[in-house]
Amino acid sequence: MEIPTSTLEIIRLALDEDIGYGDITSSLLIDEDHESRAVFIAKANFVLSGLPFTREVFYMLDPDITFNVFIKDGSKVSKFDVLAEVYGKTRVLLSCERVSLNILQRLSGISTMTDMFVEAVKGLNAKIVDTRKTTPGLRYMEKYAVRMGGGSNHRFGLFDGILIKDNHIEAVGSIREAVKLAKGSHHLVRIEVEVENLNDLEEAIEAGADIVMLDNMSIQDMKKAVRIAGGRVALEASGNVNLENVREIAETGVDLISVGALTHSAAAVDISMKIVK
Amino acid sequence: MEIPTSTLEIIRLALDEDIGYGDITSSLLIDEDHESRAVFIAKANFVLSGLPFTREVFYMLDPDITFNVFIKDGSKVSKFDVLAEVYGKTRVLLSCERVSLNILQRLSGISTMTDMFVEAVKGLNAKIVDTRKTTPGLRYMEKYAVRMGGGSNHRFGLFDGILIKDNHIEAVGSIREAVKLAKGSHHLVRIEVEVENLNDLEEAIEAGADIVMLDNMSIQDMKKAVRIAGGRVALEASGNVNLENVREIAETGVDLISVGALTHSAAAVDISMKIVK
Amino acid sequence: MEIPTSTLEIIRLALDEDIGYGDITSSLLIDEDHESRAVFIAKANFVLSGLPFTREVFYMLDPDITFNVFIKDGSKVSKFDVLAEVYGKTRVLLSCERVSLNILQRLSGISTMTDMFVEAVKGLNAKIVDTRKTTPGLRYMEKYAVRMGGGSNHRFGLFDGILIKDNHIEAVGSIREAVKLAKGSHHLVRIEVEVENLNDLEEAIEAGADIVMLDNMSIQDMKKAVRIAGGRVALEASGNVNLENVREIAETGVDLISVGALTHSAAAVDISMKIVK
Amino acid sequence: MEIPTSTLEIIRLALDEDIGYGDITSSLLIDEDHESRAVFIAKANFVLSGLPFTREVFYMLDPDITFNVFIKDGSKVSKFDVLAEVYGKTRVLLSCERVSLNILQRLSGISTMTDMFVEAVKGLNAKIVDTRKTTPGLRYMEKYAVRMGGGSNHRFGLFDGILIKDNHIEAVGSIREAVKLAKGSHHLVRIEVEVENLNDLEEAIEAGADIVMLDNMSIQDMKKAVRIAGGRVALEASGNVNLENVREIAETGVDLISVGALTHSAAAVDISMKIVK
Amino acid sequence: MEIPTSTLEIIRLALDEDIGYGDITSSLLIDEDHESRAVFIAKANFVLSGLPFTREVFYMLDPDITFNVFIKDGSKVSKFDVLAEVYGKTRVLLSCERVSLNILQRLSGISTMTDMFVEAVKGLNAKIVDTRKTTPGLRYMEKYAVRMGGGSNHRFGLFDGILIKDNHIEAVGSIREAVKLAKGSHHLVRIEVEVENLNDLEEAIEAGADIVMLDNMSIQDMKKAVRIAGGRVALEASGNVNLENVREIAETGVDLISVGALTHSAAAVDISMKIVK
Amino acid sequence: MEIPTSTLEIIRLALDEDIGYGDITSSLLIDEDHESRAVFIAKANFVLSGLPFTREVFYMLDPDITFNVFIKDGSKVSKFDVLAEVYGKTRVLLSCERVSLNILQRLSGISTMTDMFVEAVKGLNAKIVDTRKTTPGLRYMEKYAVRMGGGSNHRFGLFDGILIKDNHIEAVGSIREAVKLAKGSHHLVRIEVEVENLNDLEEAIEAGADIVMLDNMSIQDMKKAVRIAGGRVALEASGNVNLENVREIAETGVDLISVGALTHSAAAVDISMKIVK
């Protein structure tokens, strides 16, 4: 996997913030040349993701490390499953333990929550998508974790999709005018409009939007929206989506359901690194 | 507040990953010179933290921005409270909205969860402390959020405290030997030893540990540990601490209770940025 | 104008490569506190662009510099027009002269060539668009220059648009299969397919492409392509476009004409910086 | 070839600006483990340069790539010549294609134009030299391309040669005074003075200049300058040099002819990368 | 040895400042493919340190270099001892010669001076420790050199130890208050207080300091201080320590003697790199 | 003074290595808004240099700081002279104290030693020049300090002067051949040749060297060298120069005397920063 420069930079910063000028405990207690094998073990059931980044953590500190993946990202793992092993200098293993677990536990937590949403809408048309409500600097990894959990990615940032929101519409004056201004440049990028009621939906469709985001609408209104749209635009449900209401939302017939919690509120899953030799 | 270089770097990376080569929606719809005022509004009750970093987000993109804080970090805020305002170019406000909220919501989430733990042990001696289970790259901000929630910080990283764990002890042969090796260097840094049973506690104390971490011990054993220690060392309870059991743990008389969930599993709180003019 | 971090980095690298450890001539000859005013003067007729970056060059070396723009980017200027002035320490002015001119001359060269292509297709429907054949590291500035010359931008990079080319099709087996694989993810990004003949055009349209690039087709074939497409997809003419044939190409009715030469072969225009006081 | 850190940084920025968070087309269509061989083919006759940097582009994204050079930089190649081959992951090849070609086409364009100037003065004493009118950030590569085309390099930047220009002279008061101030420091660096007429030439020589630049002088005056100098200083012709007048200039007997167009206005040559397996 | 990112950055900056855009002498005179073997030879008797960093200098410029260490850091070497050898491209060897020697000579100078102080207090209880008076950016390397010379390290920076100095005490009002404020946070970090007289020593001990620094005290007072402390705190002698008075200071019974000169005034030792083949 | 990017980077690294994630003592003891005035005081007689960099240290941490210089760099100062004052947040002052002093003491030490050498050759023709034996990363600052002490700078690095040394000559075969290869490129850079005996001196002169370095020659031989050279080249004495022999060396009539000790072995001078309000 090609990892973007900025993600490598995050891994570097994470190692630097943890190790600083040195892991003083390991330096005092562990011989410089001592080598060990360590394994990553699931301490619960979850959807795994993050091993390519975990490997990079060790590799960045010492290119001579050996890292073997036993279970592929995206798999559902069970408590006590051995996910991967790493072999090399004991000091390096210990110095990387926390950072590598912090990444792996967080990403697997996101994949696991995504999987629960995806399972909740099983058999229906709607896709579960993420948002830009990601951890500062970790978006690439977190959107990867969403995919590993079976979800889809919304636009990556402000640069690869046009999403006209209330603030934009207010500044411009009308949905019609806003879509008009947005049209015709960036010809490989679609235009999405956020609306809060059904009137605005109609205006957005007529103005030429490609996708319409239904912001915090009731189930009732979403059903009507699907009828109004009639396939002319894709519809995205957004706002206060949770595991209790997601299936009902999907049953309205919307095409996309975006869930901020996938990345801003997923709890870490429990994984440990154990030196075995 | 002096913000460390590496934290500024994270903010920069977060802006870069979101804005990339440009916020294409705002560029198409908002006039370059248009200015606005926006406010940050609480959408729930929580403990606030992160405004100094939020301010930095805007300031980094445009040093001419005006940012006024209305409520200080560490305060308990109520739904609809106006936390801060920002004034400047509308494009800048919109381009910074998501990154600034991502930081503020996450840190306030951490402060809020910390506050709940602190409240749960109110009146008792034990301090709630964080761990190194933080988001990669965000440790400085997250440990700040823990303090704002009333918690205390454990060591920052591998460099400012000696913590001898099971892997170290196994490599060296015994607690006694491990503490002996660690003593005498780094004379401004204390030595903490992780133990799993009461025998090891005794050995650690005799070896000269300053602090002993009781790893996943039963309430029963923790009580005994407090008696055994008799004030000779500080005791830290660690492992599977939650809001249900934290008070019982505190009542055993331990000095510190470390809670990984504060930073690895706090949900974001709801805050919005609204352009008001 | 918000300038992306990576573009600021290019300006920094350009200053560093030119100044290195110091401008030894100016240090020896010019008093440290001596101040001057300098003006940028057109030495030919051209379409101006680049002044915001030029300003940044000076500002990066010395934030106390004053830089006043007299003519806006995108304007057609005449020989001897005074484009901008800069006031500050003489040493700073002299140290920044070459880098600032290198940027301004190159970008204005691109705007000028773009303008010639745009003028050549005046009154017709086709838009002149750029390509990814830009100078390494300068893409943001060069695509800006294209816009200032009246052209439009194609996708910025490999991340904000799907363009299926011959190598992709060969790897996958067929256009149909390639488009199918590309569909459904990245729902805010359109799909473009490159074709070399009219059969492939039909296949691309049926497969669901949003845009089709006609690669090096004859005028004859382009005319047929327009008829075949019948508005179902947008058509982009590409390959060997020059000022001689661009109008004829536009007259076929294609929607977009991409011109690599705008950024890979535009000659610099002549501009000088003159110290006037 | 040891490549300076700043040039590696440019290559990194070029890859980052093109690939961003990912090459979405290749990720969707090409299997992660699929491997290919690709060749670089000349689509015209030109002087080749840039392969060491092209190799670095691929190597930076994936150190496991194999890159074989078939024709050495500085060679005159013919249409259809195969210049080099690269073998590795197909995704890596496709993701690097554009950046590697952008570098190779630009540098070969510079070498080719340089070669034309060098050929034009064949048999005469004058050397063709470049200027500081290079692309921001690319100076090292562009000056390399000038050498590969048979030209020589002028000073690299403001730090490795003293060049006293009109602005300096005006600030100091006289050529004599300027040279005097410049003398005696930087004892491994020569002093060049720019003059606009023959009187100033005499003054510069007497003041002790090592080299004199004849700025925009007529052929007539350059001839006189050569006689006046009489070998006491080296003479450099500068300003409005083109392929029409360069031989006449060389015939005046000047030692150096500097040509800004080599780096600021060379058109890219046509090269393609073709996946062959 | 794991070298911190910031130290690698210093080595990179050192290579960049020396080599810049190229080693022009070697490029002109040495064939690109020519290879050589070079040895590092002691030109005096001293305590060696720095070879792991020296190796990194070469390795950073060319990962294919071979570097063999013959004598371990911390050893006392004699004039003409061969310390290490390096094999690879001659140009690389010559380009790295100066930077690698600058590091090796400086660090060995520090180790050598440290060794002299350590020898001077041989048989006594006091440890020789360094200070924060290190060369900007080189602290990690210099503190390593102190250890190689037999000394111990004081805190690394402002973040891994609390040292309350006169300015702090003045701001707070009293030693007692200062220590009180410092207590209870950072529970793995000790508290040291700087005092200038014996009254303050008593106050610091009662306030709960872990270590007390005796600033510029007379031998007489240090003796009294040892008696007063009576093992309740560790004592550090500081200020104007030199090879003449260090033993007398040690004989007072203090635990630590900090010597700024180790890092701020050690002279470089003489080492040469010689190409032998 | 324009400070090169790489020097600013060193200052940043120095602050980061000292402050890390925070100055914990000042954070605990000093109120965030408390402000103070501090002065820099000479604790000995010396030649001052480094205040512009010292100012930058404070300014980098907090742009709102006020820094006033009382005595200019290059001045001879006396014990108790107040060199400069700084006003701003007390925490900032304390956090910057050590780094700013480390720079100021080191640079002033270099200026002071340089001044002693310059004084030693007073009245004679020879100039005292530095070498590349500087502290890694600090060359710009250290060469500045040499100038402030009255010395001159040799070439800055490997890129702004050709110096042919024994290793080069051996690789090429002869001085004559080496100079021939070096001639004609880099026409603004002079050629220096290192020789070990008078025969080589003659060969170097005839080959066309501009400067000849007499490496470790006896006083006797240096006198002969001056006679042989007869003004045809400049002569540089090098090797084992100290305050005892420098005047005798100068009296031989050489033009330059290079002294490595200026930068590799100057002791820091004593300066303190005192908070006065």
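Think of it as A, B, C, D, E and F in the order they're written, each chain with its own count starting at 1.
Methods note: contacts are C-beta pairs under 8 Å (C-beta built on N, C-alpha and C of every residue); 3 or more make two chains touch, one makes a residue touch a chain.
Because the structure is predicted, anything quoted here is derived from the model rather than measured.
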Set of chains whose contacts include both subunit D and subunit A: B, C, E, F
Of all other chains, the one whose Cα centre sits farthest from subunit D: B
Computed distance of Cα centres, subunit F from subunit C, in Å: 45
Centre-to-centre distance between subunit C and subunit A (centres being mean Cα positions), rounded to whole Å: 33
Subunit B and subunit D: spacing of chain centres that average the CA atoms, whole Å: 52
Touching two or more other chains - residues of subunit E: 6, 16-17, 19-23, 95, 139-140, 156-157, 159-160, 162-163, 185-186, 189
List of subunit D residues in touch with subunit C within their complex: 6, 9-11, 13-14, 16-26, 28-30, 34, 90, 94-95, 98-99, 101-103, 105-106, 109, 132-140, 156-160, 162-165, 167-168, 170-172, 178, 181-182, 185-186, 189, 260-261, 264-265, 267-268, 275
Subunit E-touching residues of subunit B, taken from the complex the two chains share: 129, 152-156, 159-163, 184-190, 192, 210-211, 234, 256
Residue ranges of subunit F in contact with subunit A within the complex: 17, 20-21
Footprint of subunit D on subunit A - complex, ascending: 1-2, 4-6, 139-140, 156-157
In the complex with subunit A, residue positions of subunit D that touch it: 12, 15-16, 19-22, 32, 61-62, 91-92, 95
